[in-house]
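What follows is a structure written as structure tokens; I'll ask about it next.
In this document, chain identifiers A, B, C, D, E, F, G, H, I, J, K and L correspond to the written order of the chains, with residue numbering beginning at 1 in each.
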């Protein structure tokens, strides 16, 4: 019951707006193929610069999910 | 005078809204028992996922404060 | 052409508002002397605390830019 | 022949008993979908606490396996 | 509700028998003064050597607990 | 458009000749099942020693690729 | 007997003179509230610069002490 | 007297049974040539997988010992 | 005389051919503006992938040089 | 006002006498070209050995300074 | 049988030509006194610069070998 | 000639007085059995506390030396 097995994968989400939205964009994309997502942990925060501004944020994260038995 | 001693403790604040608010929530709770807080440093940014969205952000931080003489 | 050389420097930007704005403030200041900025990577997120709130966020980042030939 | 390609994935196994069993539980679950597993490396050892005891150990590990040609 | 604040402290537990028992010994001692413990994470595993054997294991861990409102 | 999501996986490539070829061997193997590969980053360089020489190099790398929408 | 539990806390000591004295100043302050201190480990060495000189050294350290039964 | 010099070496011990025994096996082997061993610190925990089980645990550790005057 | 001061900067060199040439390309570019270079240390090795091959290697390095008195 | 931008550079200072003096020598050299230095953080402490003694200490540090508007 | 004990030592090999040859040079030197070498792992890649070129590469590696019973 | 091989070992030196002397004590002890020492690098700085003072400093360092051909 509490002896689940979890898997974690590494994704990078992008957003023009900010860090939180980049995480949500990655979750939205991941949900097409992954079920039972439980947590994320941010691994790095980067930004692509164009015209001296952040054109889009790139947040790399681990996403953990329960493996079904 | 400038030869203060500082202590740092590690807290994790939560927020449904975002990273900055999770830090503020931790500071608000810490202020009940800790005085003279000077700085925070983010140690990790995690999120609890429910229904493929971040249900709440969990930001772990060190909080530094001056020890009174 | 694709064999560019890049240089990266380390800046700390500040903002009363939040993490993203601290990055933008650093980019705005850097653009006075640096051209061809391409990316940033966040190295640390700190905050200066006054009256139990974050008075300003301090985000340290590497900024990468292309060296002209 | 010796020029194999290996892939490694990250799993977290759980056990009420201890660290070694948490690793074995993860291997047992992984063996349902992964073949040719060769090694594991422990990345973190955590425990979920209930009633002031470890209710279950959570061991995160990389599992390496040979990719078939 | 889910917007708890957590604190983590660092303890080192000892045991003549092994790693898991060293963690339990630290939890038993911590429970005298700390309530609402939720998780531990192992930070280092050391052993004191006497007569070419491990006389006692020393496991350093972070212990996380909920701060009551 | 620029708001892609990327995934990264970890592979270890082998080569009798050297580090660069071990990376290329891993890419060649990965291309059988992965599309849209964009970058690699070397995580570790190891070598298997036989008769006091490197019998084959083993380069572990992250490979990043775009997830199609 | 040898199965003590230890706690470690993180302090930053300051000194106009140098690194060793900054450690001693932190120990002197800590001794007002902590008993049975056993070891310190330096975590970082920083200096506050005024007029192109180190106005005071700031040494952050872990201090370990035995918890009484 | 307390101004000893210590040396530390890095060994990897193996065991079919578990982590603690792998450490003891390394100490037993080391005791053939090293005297005055004082402590060990675990650097990594790996396992060799055969038939979807850990065939033997491989624990890499630093072993510290006093150099005689 | 031996009490030199050194500065180190961080550059990323590129090459279609391999890791060593990427370092040399960065040194060649740096030599246009920096004198008295003494050492490099590789910080990361990345590659840009096109058509399932490394289109160019990107080696980030610190370059140290003597500051003239 | 408090929304300054800071830059940090990496220098290595040398001294025959000790660690603190090596930092001061680097600051003295840096002050020829850098204004508004605020803090240093030690990154590594090395020593060059001649005749079984430290001929000179080499302390690598980050130096942070305010960028003028 | 599979319960070997391994020792690892740290060497730095040099080469005018490149990274792989620096590793081989270290292995050749080590083979004068060490038997049963099994693997190497690269710990750092540095280069000594003369006349704006790498005069020799310096690769620091761990070398693992089986201890005979 | 410049293609030397270096070995590095890890020692911990002690001193009642301070960090620099702990390094020198380790070098003095090492010189009984090791020739051609070239550099040290400090890995950790610890102190043993007695009566709320540092009874002796313990500095762990790598010592590098040239292997004779």
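Heads up, the rule we're going with is that a residue touches a chain if its C-beta (ideal position, glycine included) is under 8 Å from a C-beta of that chain, and two chains touch if they have at least 3 such contacts.
These numbers come from a predicted model, not from an experiment.
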Could you run down the chains that neighbour subunit B and subunit K together? none
Computed distance of Cα centres, subunit J from subunit G, in Å: 22
Listed in rising order, subunit A residues that touch 2 or more other chains are 9, 19, 30, 48
Pairs of chains, among all present, that meet the touch criterion: A-B, A-C, A-D, A-F, B-C, B-E, B-G, C-I, C-J, D-E, D-F, D-H, E-G, E-H, F-I, F-K, G-J, G-L, H-K, H-L, I-J, I-K, J-L, K-L
Okay, in this complex, where on subunit L does subunit H touch? 9-16, 25-26, 29-30, 48, 55-56, 60
Seen from subunit G, its contact residues with subunit L in the complex are 19-20, 23-24, 27-28, 30-31, 37-42, 63
So, in the complex, the side of subunit C touching subunit I is made of residues 2-9, 62, 64, 67, 69
Where on subunit F is subunit K touching in the complex? 18-19, 44-49, 52-54, 57
